[in-house]
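Given below, in the form of structure tokens, are the structures.
There are two complexes below, and they share subunit A, which is joined by subunit B in the first and by subunit C in the second.
Up next, the complex of A and B:
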């Protein structure tokens, strides 16, 4: 019988995930500054360098950083298999990812090919290192569950998404963008968002949705079938994008299939959360529900798109719903649960101690609720931004305030950790094993 | 006849229910109710730990089950007991803030612990203790 060794020491040192989480909010601030630096409305044209730069601050600087940091914690705890050489891997991936995530948007915003030429090799190294380390960890994992499958597929999608991303950055840098750049960009976005981001959230939700709110588990058939079905639908879409057969109806069917599966996931999660046994108010739950509602709206909009009259910016709206509405909401919610727990866990581990602050003393709850309202307002502004310049400014302001608030919350958590650790070391000999 | 995994999973759910009711009452500042609900929760948890520590774990180890995971489970029980004691202090002082913070912490510790037991330890126990399962479950019901 295969079992996962029950060893809490498999969790990496707290510095491994926290360094990623601590830096991520700075990229929200950078995204805001990039958007504010543009005198036009960057949302009015998806190809504007400022929007491209701000989008990568959010997707690469904020989201990928949070996800890569979270994976270093998730793999040992959920899959029972730590990343190989966890400290070294974390340092290597962190340095290359952060420098690449700073240089790429800078290259777009400033129109500097040199910066892009520095950015893409760094990002290639970061993702290659991360994917190889994660796959090794998965290969060594004794667990065989639906979360492992979803994470594996998410990593495969990331690997596939990096290729067109690098080709595009190289093309931009050298001025050799091929006429197929639009298709490559579409494939890059589809694989990154529909694969890497979505499948990781799906796999992690299987574990954390029942755990945080005492909901029933996702039905077994759904956990077994959903991630592979999403991955297959995504691959079909990407192949159709790249090879563009004459039958346009095939693309419509493939897209509808993918978005219907997204809708199923959102509905299943909302239904389970509606049946939760824990009824107290919880900011993480509200972030999660906002995320699922946004995913459902994105799915409905995407399925209706072929039937709707041609209206400008509907695809931008779809991207905003998915990125800010779904992915960013879920990530904020997860951060507000994971970071206080990690701080508590690392202070408390190795024995029973007194004087360790509880989770709500590590990041006070009112900040989380303020952040939720700020995030809702930012999302609302962003949904109006393609048509209304002032809303674009409000969106940028929202990112700025969210970045500041999240950075403050995370640095407060780190300072509670340091202070308590110092006190424990003074009062109790050898408190941390 | 239920398996050890089925029987203990149902008991986890029973404890979860008690946890949720006590937390709700405490956060509503309904302290009379909270005290009753919390005491139920504490008793349910204590009984669950006794079933494991005085019956399941010793039988599993005697039946050549792995000692390492059992040791980790015992350590986590001690952690949870420490948090439950903190919650008891919060109930005494009518401190909803403190109760909410510790309950939030306990919930994650408890759910991670339950997951490990349900996915690994109990199936292991069912595997190693097939022959004695019925009598063991009988003894656990008596705790």
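Up next, the complex of A and C:
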């Protein structure tokens, strides 16, 4: 037996993660408006400015904002080490990330180089600040577990993904895109989605799935090996993308290896969820299972791609399965679990109090179920959108309604927090202090 | 501080926030010179902040089965 260190610093105030979560739905609404503003079908051509802008509204404005906000809470809760100067770090990262996430899609959609030139330095600052603060937090963590390793690798992937992203934005802004822009873009997408997004979800799932969904733990061998194996496979793929050796079979093998590992994670998670101890319907669990099913479908499609006849838009389909099917589903599920927990925890933390609402009362579950059905319908429409223009409009409508619904749910939770806090401060001294 | 009694609480396998709620309720009724011995399936970092804020000392020991034993008492 070993005694662990006893001191931890204060967890961040609730405003630190909540400000990120509260703003994120706005970007779903913006993505919808950008898609609706295009008279053609933006999904028919991945290089259309409207699709580029809408994609960055979702990946940068929604997903990165949620992930950066969640990290400020996850680091102290899961590995016992908050970010240094948490309020200051949160303000700095929030302002630069949100400004950059507004300007970059605006620059793409409006074809305004000036906006791109404002966007990329802000995003560089945001990610640099976030990565440095997160790495310091990891370095000071008393925990040495598989989640810490996965988070570290996801941050390294993020750092590596930012470089081609900035080069591309600068190239677009100044009209100096190099002939290698296609390869840079592929490396940027691979590192962002296959590295930062996937590895963070993998690492957090090791904790969140058993904890909140009452499943058995992931097998130890899997938690130790999966994130480093995914990272190594990703690096191999990126090197092959950048240097493009003559042996094309090498890329097929490397891609298959990466997607097989993704499939392993999805299957392992679905199997664990099938063995959960409490078999009650739960919208957040259903979001998570939808995400894992979509990741498994994406993995199967990606592995089968080299064997299939050439059909237009299959790679767009793969991106939709990964982005909307896997990543966005999991993020919605996590938000609906994390936000009520945060509100409840910050109300309860002063001690035992009557009048603190039950966690299930903070965001009414019927709203989560409505959101789940809406998200399923949006995903279905998006999967048809590359071939069917009307489905692209339905996808945009789905984003719009999801943004409004999520904003309503999050502001309802914030409102419960404020009302309850005001009442508790007026009526109750702390009984155990 | 001398401890006169030791209460035990096992919250292994309970979903959040039940472990936290049960620990806080147990502490609220804990006699001044007693200690609470908690067994929990994961290390509850957020609990430590709350314990410190409310004047408790604690001592965490990882167990061989992956769970944790936490001894909580009033700060001296």
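In this section, the second predicted complex is superposed on the first by the 419 of 433 C-alpha atoms of A that agree within 3 Å, B and C clash if a C-alpha of one lies under 4 Å from a C-alpha of the other, contacts with A are read in each partner's own complex, and residues count from 1 in each chain.
We adopt the following convention: a contact is a pair of C-beta atoms (placed from the backbone, for glycine too) under 8 Å apart; a residue touches a chain by one contact, two chains touch by 3 or more.
Values in this document were obtained by computation on a predicted structure and should not be read as measured data.
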{"item": "Touching partner for A:361 - first (subunit B), second (subunit C), both, neither", "value": "first"}
{"item": "Partner chain in contact with A:277 - subunit B first, subunit C second, else both or neither", "value": "both"}
{"item": "Contacts of A:47 with subunit B and subunit C, given as first, second, both or neither", "value": "neither"}
{"item": "Which superposed partner A:76 touches (first subunit B, second subunit C, both, neither)", "value": "second"}
{"item": "Which superposed partner A:11 touches (first subunit B, second subunit C, both, neither)", "value": "second"}
{"item": "Which of subunit B and subunit C A:341 touches, first, second, both or neither", "value": "both"}
{"item": "Contact residues of subunit A, present in both the subunit B and the subunit C interface", "value": "1, 3-4, 6, 8, 77, 143, 207, 211-212, 214, 277-278, 341, 344, 348, 352, 359"}
{"item": "Residues of subunit A that touch subunit C when the two form their complex", "value": "1-4, 6, 8, 10-11, 76-80, 143, 207, 211-212, 214, 217, 277-278, 341, 344-345, 348-352, 359, 430-433"}
{"item": "Contact set on subunit C toward subunit A in their complex", "value": "13, 15-17, 20-21, 24-25, 27-28, 42-43, 45-46, 48-50, 53-55, 57-64, 66"}
{"item": "List of subunit A residues in touch with subunit B within their complex", "value": "1, 3-8, 77, 143, 145, 207, 210-212, 214, 277-280, 337, 340-341, 344, 348, 352, 354, 357-361, 365"}
{"item": "Partner subunit A, residues of subunit B touching it in the complex", "value": "16-17, 19-20, 23-24, 27, 68-69, 72-73, 75-76, 78-79, 81-82, 86, 97-98, 100-102, 104-105, 107-108, 111-112, 115-116, 119-121, 123-124, 127"}
